[in-house]
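Each in structure tokens, the structures are laid out below.
There are two complexes below, and they share chain A, which is joined by chain B in the first and by chain C in the second.
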Partner chain A sequence: MSRTFLFRYETVLALLTVLALATLAMLSAKFFTTENLLNQGRLMSEVGLIMLAMTFVIVTGGIDLSVGSILGMTAILLGVFWQKVGMPLPAAIVAAMLCGTLAGLGNGLIITRFKVPPLIATLATLALYRGLAEGISQARSVRGYPEWFFFFGQGEVLGVPVQLWILVICTVIAAVILARTPFGRATYAIGANETAAHFSGIRVDATKLWIYTAAGFLASLAAVIFVSRVTTTRSDMGTGIELDVITGVVLGGTSIFGGKGTIIGTVIGLVLIQALKNGLALSGVKGDGTIVVIGVVLIGAVLAGALLDRDRGGS
Partner chain B sequence: MTDAVLSRAPAGSPSRSPVQRFLAGYGQELIVGLAVIVLFAGVSIVNPRFLSDTNINSIIAGNAYIAVAAVGMSMVIICGHIDLSVGSLIGVIATVAGTLAVSGYPVWVAWLLPILMAIAINASVGAFIAYTRIPSIVVTLGMLSILKGGLISATGGAWISDLPPGFMIAQMRPFGIPSAVYFMVVLTLLAAWFIANTDFGWSIYAVGGNSEAARAAGISPERVTVGVFALHGLFTGIAGILFATQLQVIQSTVPPNLELTVITAAVIGGVSILGGTGTVIGSTLAAILFATIGSALIFLNVSAYWLRAVLGLMILATVLADMIRRRRAT
Partner chain C sequence: MNRLTLTIALGFGLMAGPAMAASGWTGGDDLPTSPLACDGTPAAAAAKPYDGGSPTNAPNRAGKKITVVDIPKLIGIGYFNATSKGIADAAKELGNVDAKTDGPTKANIDEQITFIDNYITSGVDGILFAANDPVAIAPVLKKALSKGINVVGYDANSSPDARQWFVNQAQFNGIAKSLIDNMAKEIGEDGSFAIVTSTFTTPNQARWIAEMAAYQAKCHPKMKWLETVEAQEDNTLSFNQATTLINKYGDQLKGIFGMTSVATPASAEAVTQTKKCGSIAVVGLATPNAMKPYVKSGCVKSVVLWNPVDLGYAAAHVLRAVVDGTLKPGATSVKAGKLGDLQVINGSEILLGAPTTFSKDNINNFDF
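Let's turn to the complex of A and B:
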């Protein structure tokens, strides 16, 4: 039953996306050029990477509001390790990503060891990690990175942006893990009924720890790409990105109550949001107007999901 | 679960002494209050200028609007919900009030109309949450971006200046004390009385503690949710007016991270994040505590850029203590 529902929701969403793309193509001649599409792929990679991890998080019935702050903290640490501490840049990248991953592990520990609701735990670490980024950097930006570093954010392989390759590889890995492995099945089981999952021998806490740690890792990977793309490090990087991420995941059919969701849906959600943003920008709507549209789309998507669910006598 | 519902306001069994009962009921509020006093004492020894009139004034009067919003937020959290859009709504209310005042409407219209608007908006949000059963975090996250984006697109971020002097209610000083302080104290005490002594107040605790149990007891969780959000709208509206009138200009943007500060104040003030317990007095004290910390950092020559990290650590510590205390209690 739920499989047919998911299939239907994703089909509807995919059709909607095609419709949106067609409309945008008609509205603006610039939209359907290879150059614009590849550029959009470049811009959506950072959000997309975090959305992959967020899909797992929300499928378990959790949420992670701190991903934007982890991104900011990793970016700042990358700059500080390299410029202030004097580490070679590759070592600084690895060290900063390690810290970002540990920040995700920290979220997981607070949530599993102390049973703090994920919403509150990550609201606290949202403030903490962003605060560390601001405190460590003293709001000073770091620039002057060597030319080779810009490869991750500005380079191309076979004519396709590097970060789009990274996103595609990570997407395939995430899709396989969620749909085809015991870990993926454990993720769904936890979201459907945590107590039942526990009593059927699933290692609930370990699974959640891995998922929140992965969210930290992907947020720090996004941070490296972000810094490489814009060539500077600032402490406010990634502010509010959690809103885009959660909206995309929920729009992609992942239930905010947990237990349901697919990576394919998330990818469609990502494309739809990026198309909306780009299309609205091309048709002259300013950035703030798009925030309104995203907010409406978020509430509308959850409402539609809840109503469809209720009609089918769902959860 | 019923224990959790009833554990806070008139806490303790009759066999315990009044002091013990007070500590059991208001432990967190006491800690926050003491922290404010210790901080004031400590910092003023290092730098006596910390105790100057202007500084105390800017700490308390300048942050009264946060305290007022935190009181409303406390009730929402006690009811088992959360509101991430509070900062954006304060920004919208302040801008609407300023625009009305500059356009020549009587000041009482410029004060009251935005407050009614805040009540209407939040009551609708509450109704949406209650009847669609979509979690409040999702709905208010959406509202955050709708209000914020709408405000900036409508105003283009232009500042509102040349506000009429009669409009600046937060700056008026009856008996030498800024009126923002009166608002903060009176609204906190009113809310504290209301939540502990009225049927509606009790039903907020009941719904937050266990909404199905509350329903079985004849309370409609839906109506309580709408009511709580409307009440929160009233407090947010007043906070917006205080925010609009405390400076000579209104920036027409959303104060950054205001929702986080307001939620943190409520949680550190002793409202349990899981709903069902807490009081509103602690939220006001916690709002003052933050402002004191922020000011203390400056007077101790610590960079203010560390403020958010300190707040994050504090909310984390409070939440962990709350969870450990709950685990011990059960």
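Let's turn to the complex of A and C:
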């Protein structure tokens, strides 16, 4: 038991993260301050929220490349519903998030009903949703939101950024669902062997539908927070965020082939990447250097994971 | 008969004028425009009170060595390498400025905000920036001001109250006039043209396009605008977009505007490769070095730009002047080293000067 615990990928990654945090704290006195850490929590929330859903998606052996486009589309719809259609802002938020969630459901339907591989399906909707965002917005940004709306992206509750609370709550819910419920076990079963899962009576398609819909929901939640943080809406919001999300999830130990992965691993992956980006910048490393370090860490972590697997004779 | 033709022409002209002004072109912004006079009479500068922000509790750093970080829209392209060189030149000349350039590798609002946020935490004395989005960047710049950091923009502005001063490379209506006049000269008063821009929401390009639309409606009302396409300041994408335009509109397309230093050479390359040199004109903003081959081959006749090295140089001098207290709200000019006195316009902007048109005759005198 203790040996398996010690050699679990998440444990190794957590140690690596602690090591990185300690090193970065030594490199820059500004890094390990409450203010900076809370600020980093603010900056990583949007990516973090989508990573939670992406963990489920990748555990089933799928992928969702359209999350960045869903984020952009939701952001634009929020602005358009409010300013052009004239809805009250709270109604516009709900309506936009509903559309974002439906966009996720759309992914799920294409994947389950037409048996399109998730990579292809979401590659198509990546373009589709981004195109809709640009078309609907007529490429104009929407600005001038009322002050209260900035609460989600810039406000604090008990000294902690609002979106960090949201992220923590969502993380706990996601962790419980994945580790402790029949739904979570179904998710693993689908990723490990979809055919076997099907013949064991697991409702494979329904499970996948829920997961892709949840990805749409969390991407639109991230969109609302993003708009509130930067006080404006643009159709190019969230471009490329899917790569940050997938990087974090894979670094967190979720197997791209499905069947393996945990929320705690994802959270560690998120924290490690954010800490590296921020800590290296604070200790004077330039942006291009930081990307190189993150690439090296990712390769190192994936290799370590593969070695651990081999030592245990696969899993 | 003649009178009839004249009446019809006049009727169309009268209808087309307001229609163009009302519809606007895709890619422009919604802000009011102020087209210059067709014959180039300079507009009277309206006096406007200082509308920039100010840092809270900034320590007195006058004459002391300061650490400055320059965060352009993106790094690794010729244009921002040139502004960065200008900043480094000024820092070296001033001797008491420690400047470095850092930023995202793609023009991305979120990444740029994160970079600025990190530099605020690391405790710099001054920030120079070129905004990817004027409103999105405002909260983080206001945070910098609230921490006593001096903030000066160049190239692409933020909301005025989020920074202290902005070094304006050229007034939008001046650039717009220069571009449209050059295009009209090359394709004639009734030619059709298309635009390759960065993204529809990039502040500078959106402003230029809006001003171009207004100036064209006022001074060259018969020219026809076909389409504006986005190309993200990406080389390959710009080339593809320009090629698509050429194929899509065929003989109808007489000219292409390149709105970025990436789009213009890429459009010129597209025209060259489709062997349309001479039948499709390319006019645009670009650095002379990137355009030399096309200007030499005669495919491109006019390239419009300010000197980006001077722009960076001026921005660094302005920041130093703000820190030293020699540039205060209400000032009408500021000394910028070898550039001499620069004029203050629009309340809190500093004008670099009139844009330069590079042609076959003078392009070899410039190296950036």
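Keep in mind that, in the parts below, the second predicted complex is superposed on the first by the 281 of 315 C-alpha atoms of A that agree within 3 Å, B and C clash if a C-alpha of one lies under 4 Å from a C-alpha of the other, contacts with A are read in each partner's own complex, and residues count from 1 in each chain.
The rule we apply is simple: contacts are C-beta pairs under 8 Å (C-beta built on N, C-alpha and C of every residue); 3 or more make two chains touch, one makes a residue touch a chain.
Not measured: the values here are computed from a predicted model.
Of the two partner chains, chain C is the only one touched by A:Asn36; chain B is not. Of the two partner chains, both chain B and chain C are touched by A:Asp288.
In the superposition on chain A, no contact is made by A:Leu13 with either chain B or chain C. Of the two partner chains placed by superposition, only chain B is touched by A:Ile110; chain C is not. Once the two complexes are overlaid on the shared chain, A:Ala214 sits clear of chain B and of chain C alike.
In the superposed pair of complexes, A:Gly135 makes contact with chain B only, with no contact to chain C.
After overlaying the two complexes on the shared chain, residue contacts for A:Arg234 are found with chain C alone; chain B is out of touch. Chain A has more of its residues touched by B than by the other of chain B and chain C.
By the touch criterion stated above, A:Ala222 is placed in contact with neither chain B nor chain C. In the superposition on chain A, A:Ala306 makes contact with chain B only, while chain C stays out of contact range. In the superposition on chain A, the residues of chain A contacting both chain B and chain C are 134, 138-139, 235, 286, 288, 291. Against chain B, in their complex, chain A makes its touches with residues 63, 110, 114-117, 119-121, 123-132, 134-135, 137-139, 235, 243, 246, 250, 256-257, 286, 288-296, 298-299, 302-303, 306. By the touch criterion stated above, chain B contacts chain A in their complex at residues 82, 128, 132-135, 137-139, 141-146, 148-150, 152-153, 257, 260, 263-264, 267, 273-274, 303, 305-313, 315-316, 319-320, 323-324, 327. Remark: chain C residues 26-27, 29-30, 75-76, 100, 102-106, 108-110, 113-115, 117-119, 121-123, 133, 135-136, 138-139, 199-201, 230 touch chain A in the complex. By the touch criterion given at the top, residues 28, 30, 35-36, 39, 43, 134, 138-141, 143, 154, 226, 229-232, 234-237, 239-241, 277-278, 281-282, 284, 286-288, 291 of chain A touch chain C in their complex.
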